[in-house]
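The structure that follows is given in the form of structure tokens.
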Amino acid sequence: MKPTFKTHFGSLADYNKGNIEVTQGDARHYVFSNVFEVAAKSAPYERVVVGKNLEYVIETLRAEGQSPWFACAHDEFVIALDGEVRVDFVALDQSLAQVDGAVLTEPAGRAMGYVVLRQGHQSLLPAGCAYRFGTVEACTLILQGKLGALSVQKWAEICLH
Amino acid sequence: MAMLDLADKPETATSYAADKVQASAADPVTGYRTFTLGAFRFSRDAYFATIQWPSHGQTRTHAMPADAFLRAMMRDVAWGFFYGWVNFDHVFGTRNHYGKVDVYAGAFNGVMKEAGVDYTETFETPLIMATFKAILHDWTNAGFDPFAAPEETGSAFGPKHGENAGAIERTRIATRRMPGLPDDSPLRDDLPVNRAFLDVPQDEPTVHCEPGFEGQLHAFNLFKYLSRSDVTWNPSVTSVCGQSLFCPTTEEYILPVFHGNDRVEWFLQLSDEIIWDIGDKNTGAPRARITMRAGDICAMPADIRHQGYSTKRSMLLVWENATPNLPRRYESGELKPYPVDF
Amino acid sequence: MAMLDLADKPETATSYAADKVQASAADPVTGYRTFTLGAFRFSRDAYFATIQWPSHGQTRTHAMPADAFLRAMMRDVAWGFFYGWVNFDHVFGTRNHYGKVDVYAGAFNGVMKEAGVDYTETFETPLIMATFKAILHDWTNAGFDPFAAPEETGSAFGPKHGENAGAIERTRIATRRMPGLPDDSPLRDDLPVNRAFLDVPQDEPTVHCEPGFEGQLHAFNLFKYLSRSDVTWNPSVTSVCGQSLFCPTTEEYILPVFHGNDRVEWFLQLSDEIIWDIGDKNTGAPRARITMRAGDICAMPADIRHQGYSTKRSMLLVWENATPNLPRRYESGELKPYPVDF
Amino acid sequence: MKPTFKTHFGSLADYNKGNIEVTQGDARHYVFSNVFEVAAKSAPYERVVVGKNLEYVIETLRAEGQSPWFACAHDEFVIALDGEVRVDFVALDQSLAQVDGAVLTEPAGRAMGYVVLRQGHQSLLPAGCAYRFGTVEACTLILQGKLGALSVQKWAEICLH
């Protein structure tokens, strides 16, 4: 018999958060949240930290409409989890201050081009470029980067405990 | 860089310590060789792998089903002994010291440790790598792929019949920044889509570069890439931000090891569901059971061991941190075992 | 008499409680039904059997590979819940009160018990028997025999496909005195010799009765009888001396349960080798590892649990004692947990 | 590939005793011996107890030459483990005292017949009959019965500890 499989991806509108059954210890130590739930309950393009490992972070964003321009002195990566998002890139004329994480910017420089990401697509956000997101319909992004001035930590609000 | 990326190096390690591997002649009945590594003795028969070690002048013995043992050893070899502890089960395992590796029996089992019947011996990485690879080669029969899900491979049991070097010797190219970039690891367009991911869209993102910026923008379909993974429970790096490594993997059935990390590790469930059994890192005593569904993210603290169950093949993003000296910083108490206080 | 002899009675038990079995409709994806028994919920999917129970207003969950679960449940059913504790693994099991049966999760796991996440519920034997048999029937696929050694049967995994009622419904005739006597259980001359016992002599003893004593002497070839066993880890009675029962069995691979007896049980290894892992009955903590070879005899004390490993199919004589009220006498301390002081 | 299996039975001359690896507790509690070793080291037809469960026992005997006549008020069973043994039976004229275990007897009664057992053969030793063993070559028997006047317990001598 040939089974047919249905792959379950989540989305802003359709996620089913898991849970923790604790035998010993504190559920807080697992820092458990759901990126769709976090994105659903956050402001558009709020960079909410859902994972933190020393100075490194995973942020989740609700992409909705046009974002401001971001720029970052180091590589970041974005994955679109549940919808279509366009990312425009600008090569900055001036080099960025070497700080961790993204900053807001009004980019001066030449347009490099754009990528259009759909479910499961990942894009490099190259160091030293400005980038902004735009969507027709709201969707969820995760970003790999470093904790920065724009990172929002609201663990007690988002995590199981 | 990442231990994960050692996956393409064992060949080298093997070659330069291969002459030091201690193996018996093939057993006339079972066809398998017996191996010794320091005071450890490894033997297998039709059903079981048996590990022996000395304790207070006695020989202690522990057996595991051969399929479980080979699945665990395959991961330990492919991961280059990974971060921290790779528990093959509640008794036997390895601990990575990055250049040297501890092999232990009972040392991270609460009762055996307390009873003093545990044993640990430390080996240079090339010697243990060569020995473990030799065991894998000798003990893996034709038709059994230790990387595959049980529904996708044959039996590991029976007397020795044939071999499966192809399955064991899968090599991986280390990722420097992101797969598909020039001089970086390849995409997986030539691999077939796994039977459990036939419904995963295979479209590629649009990448438009303005003149003069050709090759400077890069995107790929990560879900497509994962849908074509031909192994289970075997993370590989898909993006590198400093010491921060995204290591997604596809999971089906049971993680063949109980991984006890020497640092904090994070999981982001990309599709479907995985259940994690969490135990105390030192004793194995149960701590929690965590159900993760698509979009769930959580941390694996540095003081636990974890083993996952995935019925439907699923996509899991493992997030590792390759910052040097982390084991010492966690062990000294400088860093708490969990990543966030709230 | 002996619990072992209940093996031919479940049919009856099932029939008179079959209408009380709580089963869902078949799942549209996996094809399996979900069952409830009191507050326990049993479900399976392609790879796993999952058990859920309530604890402090939360639902607790435990999963086992489906093959291991079915092998354990097959023994529990065939043995009529046996003597004492039948641990499916380190979490889930049953305890026989002979007329009622406890079903427990975590209650005999040291850490879970201490953490208070365990749960026990007691059922009338006919209801649990009917439920367990219904689960076995629904969850066992064509080609999988839960009584067989892994090398002798197909996979238990995958979505529901067919059934194997023949394997599950093997019935046994209870032995009153010795097989082959008039009005007693039959010999096994029509069953084939198992592939692992092809070298076992099949001759019969000479029995010469003087005139007037015809039928009063009786002998048979026990090793031949055992060489034709078509199941593993399933004792059956071959001689009855008062409450003393010889219950030999043939063993291959792993005993699918950790048996915690409510009395002393003895093992006499008739052929080949079995390794026993011995744990504490209440907590599961390791106590000993016993290697038994042909001619070895030893006791399993009343305060332990045991699980055996047999690579080559072997003959094991299990010696049980059906004296009434033994559980109470051991629990009260009247009888020591071990049988002999020396 | 078709494996060929060799079944290992023990014998007086060829046995390979196992062992106990103790993690917690006392090896004595497992009362571990080897019936071939016990038989090899005992006098012919000494009924050495190797298993005891309340009043019930398993005894092992070295069968060598002719045994005395035994009789027992309840059923016993014998299994020949490693050689050929003949068992002669006499139907006793008088009924036996209802005691546990076998006793020595000089049987008065009619010969019932005999059985010849080889490796792995099991015979009923019916209640109320006299029986004796005879062999050409020494071999090992195990008996299922009850602890009686002839039962020899020498646990410290035979058991692992």
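Order of writing sets the chain letters: A, B, C and D. Residues in each chain are counted from 1.
Just so we're on the same page, contacts are C-beta pairs under 8 Å (C-beta built on N, C-alpha and C of every residue); 3 or more make two chains touch, one makes a residue touch a chain.
Labels paired with UniProt names: A, B, C, D = Hydroxyquinol 1,2-dioxygenase.
Keep in mind that what you see is a predicted model, and the values were worked out from it rather than measured.
Trainee: Pick the pair with more C-beta contacts: A-B or B-D?
Mentor: A-B
Trainee: Just the number, please: Cα centre separation of chain C and chain D in whole Å.
Mentor: 28
Trainee: If you average the Cα atoms of chain B and of chain D to get two centres, how far apart are those centres in Å?
Mentor: Chain centres of chain B and chain D, defined by C-alpha means, are spaced 53 Å apart.
Trainee: Could you put a whole-Å number on the gap between the CA centroids of chain B and chain C?
Mentor: 35
Trainee: Do you know which chain B residues sit against two or more other chains?
Mentor: In chain B, 46, 60-61, 111-112, 115, 158, 285-286, 289, 291, 312 touch at least two other chains.
Trainee: What positions in chain D touch 2 or more of the other chains?
Mentor: 3, 6, 21, 23-24 - these are the residues of chain D that touch more than one other chain.
Trainee: Using the contact definition from the top, classify how the chains connect: line, ring, star, complete or other.
Mentor: other
Trainee: According to the definition already given, which pairs of chains are in contact?
Mentor: A-B, A-C, B-C, B-D, C-D
Trainee: Going by the contact rule set out above, which residues of chain C touch chain B in the complex?
Mentor: Touch list, chain C to chain B: 45-48, 60-63, 65, 109-112, 115, 150-151, 155, 157-158, 252-254, 275, 285-286, 289, 291, 309, 311-312.
Trainee: Would you mind writing out the residues of chain A in touch with chain C in their complex?
Mentor: 1, 3, 6, 21, 23-24
Trainee: Show me the residue ranges of chain D that touch chain C in the complex, using the header's touch definition.
Mentor: It is residues 3-10, 15-25, 27-37, 50-54, 56, 58, 74-77, 79, 81, 89, 91, 110-124, 126, 140, 142, 144-146, 153, 155-156, 159, 161 of chain D that touch chain C.
Trainee: Going by the contact rule set out above, which residues of chain C touch chain D in the complex?
Mentor: So the residues of chain C touching chain D come out as 177-178, 181, 195-201, 203-210, 212-213, 216-224, 238-244, 246, 264, 266, 268-273, 280, 285-301, 312-313, 319, 321, 323, 335, 337-340, 342.
Trainee: In their complex, what parts of chain C are in touch with chain A?
Mentor: Touching chain A from chain C are residues 29, 46, 58-61, 111-112, 115, 117, 158-159, 161.
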